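Got some structures for you, see below.
The following pair of complexes shares a single chain, chain A, combined with chain B in the former and chain C in the latter.
Our next item is the complex of A and B:
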């Protein structure tokens, strides 16, 4: 490869001054070392975008790999003469393994392949979870795909109107709080729904996310159309001895996570009891005993995270299924809503799969273009979605606040005799 | 309707839209509307099979996917103008 042509990028260079490592340094260093013109051209185009305050990328198009309707996103520069090395700069999404555990040899091979087939630039990870390979030309797509799948045994992730690459937390591989095997469920559903992942099926995107416990490290309730969050149905296990040890300052709260500063002595009332969202805890100062009204507890895990040695989730464990989180597009951003508060799960999760098909069938039939499942629920109402679509009984957990509106609308089948009435009979009683 | 009949019908629907001077790239939903006799799942399976046969092609913005007949129609910018 010959000499590279550098562009003047004063505004972009300014980003190197901050306290954190900068992508500008990374890209320039890499570009110099490997003599990749694309690295200098993207920096040049970025400088131009800063100047014009608008993007110079065009996205979308016919690019893809054979048989797949997702995983490749076409990207072109609209400044082709100035930045010829990035005239086509397509992105590939590579499906990450559950929990994002990698073998370093596999990563090295992936990087080598990408250095050869593309720009060499990667993003670990995109917001859905995939590894993002940034920038290659159309002619390299099939070769990259072949190397990726046949040589390295990776696969592309989802994009477009497909099921997107499911994502989970570290779960049992790293975390004491995992209440179900997130990685197993993630893997099983990913393999089961391969067709939906690789070929467009829906009115818009659909995301699964799995968090082992309500601390929700993958932020499923904010991001996934369908979230699976570990929870329990029996009582929180209390070790009163350990609670007293926290109160007496013998064990640091939050497993010492905030010990870099002196926050004063631990105050169980201020830091636990008063922060319990359902106000279901009571600390008896005289008795030196903690009480929890488990019926009212909504399993937020706050108290458990503050005093992990004293409190543990119960033993009867399962998942809470939530639906409908999304960012803005048709409607504003919204968080998930509880669909099934508690469900015991077991591989191969057939019950869940059937349930998912039921949601999809309705959404595929009735969803408008680019309408996420949360938006269709908003449109038709949660009640109708629960009762008519999923055929589940509404329960208190589905309700955020009690109704304020005094009117009740009955359906005809709910009223004895329906809407028809005998006018003659009525007039007998009400002659005027 | 057999799968082959459905595939022929999908092509017919898209060709008719092109002929009418309408869009050359369509969403699955647009096809569904014109073939009420088939379920959305049957339609997506048939449309994806047509892509594998080279009779249709995907057209993706990254966030959504449309289907079109290879070689027919407009470029990237126009097709996605409405989305931006």
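Our next item is the complex of A and C:
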């Protein structure tokens, strides 16, 4: 480990200032301490990008570890002579544990491994959820993978046209609103679908995300091809005494989330009853009692979030399964749409696994290159996807409103007499 | 160094892993207690026979082993929570146990020394456990008020050499949480803008909103450095997106060697790419031509074909989208909408972007009602009012012309009279 070569980085250095944690200070401090040339070279290349306002990473690069088709993203600098320590700077996606809990013994060992094998730069975490190890050379990939699996019993995550590393919220580990065990389902499906995760055979990426309740902290509805969102089917549980405590100003609303501004005294009518999207609540001022017409509730969680000590989701819990979310590439952004409004779930979730295979079988057979499942549903129509592909009974929960235009693709067998007609007979009745 | 004994131990530990199928519950996988041996992989991995002793498809470590005993004990038993100050959530279990969760922002892009410092803190106060949130915050969990006070004091004093906080406390309640973001110029091959630098610049400027509860509701920010939008940018309260604005180059001399021409053609969602043949040095070469009139600069062709680069320091710009959300609270999840585009790409501090983001945040803060997310507020007042209140110049770029564009046009006489409305026909024409 000789002396490091430093680059002049005045623009990047400006990001050392200010209160928010400076990645520049962090990277330079680490580089100095461990004499890691890659840290100086990457700051040098970033400075050049700041000057040119263009990236200096070449397009892609096919690298990987033996037997896997994902988990490693190849990266090469287009300034290899100027910044030789990052001439190759591949990324490894390391599959995060469900809920992103860590024991420091494990985390430290992972750090040691990455100090030895790579640049020492990481993302905690990448957008999909993986731990991202940023920057190593091709020769180190197999050894890194060997270390990961043999010395940490830890696997790579997904990349490319495969199942991406599933992700979940904090779930039952910390949150009272986790309506199913998101971590367990995440882990169980992750383990069951290891082959799909490591060996790309799909038309494009496929993501599972698990949110414990309709607040959807893991953004499943926006990001996941299959979104699993916890919900309940029975009544919201009310502790009337606690409701009165909120009304009397004894408990701050929304668990104290509005503490730094004077919004005036808590007003249950204005802040809960009137904001209820289904208007299914009633506060009886005289009785000092809250009524909820649960049959009309759409479980938006607002009242529960405002008065968490007083209101709790019901006890009959399950998941809502939605399908097809994605960002803009290619056909425009989509939110997931309801597939199974409610189902109770039990490990090991075998019926769900079979159901997922059914979706994949169709998509793999019929999907175009880089067509997400949400896009194939758009292409063939949700009605066909439900009825013909999944053999699911269509119900009003699948849609927001019925179609406006009446262009219906009737199937021949649905029409009396079918489509075969006798033209001569027709013309007998209707001379041309 | 790994001697024979150590190698033997590693094998035994693998047997132990297989015995429980990786599902370590009562104790952590003992592999993590074993030191990291930098030479094991070189000793045991044989590049000639990569499948020998290979461990694959094991997935991430089982999450349960990484959760502290108090979390294991209270798993699924949490009763309620209070945010006792910005960034500190007290969680109360039905067992009577209480934990305090301290949430800190991180830059996401960091070094392993930063992770090690997190481990030091977790070892000192949290029994050696720590977790991350979906939005790149790190959470330290302590079990007493005494430890909480000491931890908060400790965190406040940890700073990078140039004074930025290493662990700013906040990200809860009615404030801004950490900005979910992508790689940018630090590690990606398709970005239009940087990511970490823009995020640092914005968070420096709106820092006070991270550590306080003075906004009308939770505000989630996100950044995507190109239209691939890794992360839920399309459903964020305010998000920044990097945009290319020049059609791709076509490298005629190189394209047939590095790309599958049909894939490049199929990559374009608008069918603007067609196959072509050119003559170079008397040789006929297969290539493509781009109908630039139809190009919407999505960059999908470059993703599929390295010989079609479109990044351009002069042309690339920033778009700001607002009003999206993923939570089902009160209103359903919805997309963010384009309000500003063509903002210059201005490293190292992106002053125009930062100014607009802060401005939108503050106008929202001033005008919205309690519990109203940005999108809910705009829904109530109308987009015309939003443009008036924020003084954002409305341009034709805000009018959709992609799929389903019609659904975004106004089909009623329900609108408000803002400064945009004139009373004479002649005043509606563009002033030359």
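Brief remarks on what is shown
The criterion applied here is as follows: the second predicted complex is superposed on the first by the 408 of 432 C-alpha atoms of A that agree within 3 Å, B and C clash if a C-alpha of one lies under 4 Å from a C-alpha of the other, contacts with A are read in each partner's own complex, and residues count from 1 in each chain.
By definition in this document, a contact is a pair of C-beta atoms (placed from the backbone, for glycine too) under 8 Å apart; a residue touches a chain by one contact, two chains touch by 3 or more.
The structure displayed is predicted, hence computed values, not measured ones.
Once chain A of one complex is fitted onto chain A of the other, the partner contacts of A:59 extend to both chain B and chain C.
Of the two partners, chain B and chain C, it is C that touches more residues of chain A. Using the contact criterion defined above for the overlaid structures, shared-chain residue A:369 touches chain B and also reaches chain C. In the overlay built on the shared chain, the residue A:44 is in contact with neither chain B nor chain C.
Of the two partner chains placed around the shared chain by superposition, chain C is the only one that A:18 touches, whereas chain B remains out of contact.
In the superposition on chain A, A:203 makes contact with chain B only, not with chain C. Residue contacts after overlaying the shared chain place A:318 against neither chain B nor chain C. Of the two partner chains placed by the overlay, only chain C lies in contact with A:89; chain B stays clear of it. Of the two partner chains placed around the shared chain by superposition, chain B is the only one that A:361 touches, whereas chain C remains out of contact.
Looking at chain A, you'll find residues 58-60, 66-67, 91, 195, 368-370 touch chain B in one structure and chain C in the other. Chain contact summary for the complex, chain B toward chain A: residues 27-30, 32, 39-41, 44, 48, 51-52, 57-65, 67-68, 75-77, 79-80, 83.
Partner chain B is touched in their complex by these residues of chain A: 58-64, 66-67, 69-70, 72-74, 76, 91, 159-162, 195, 199-205, 361, 364-365, 367-370.
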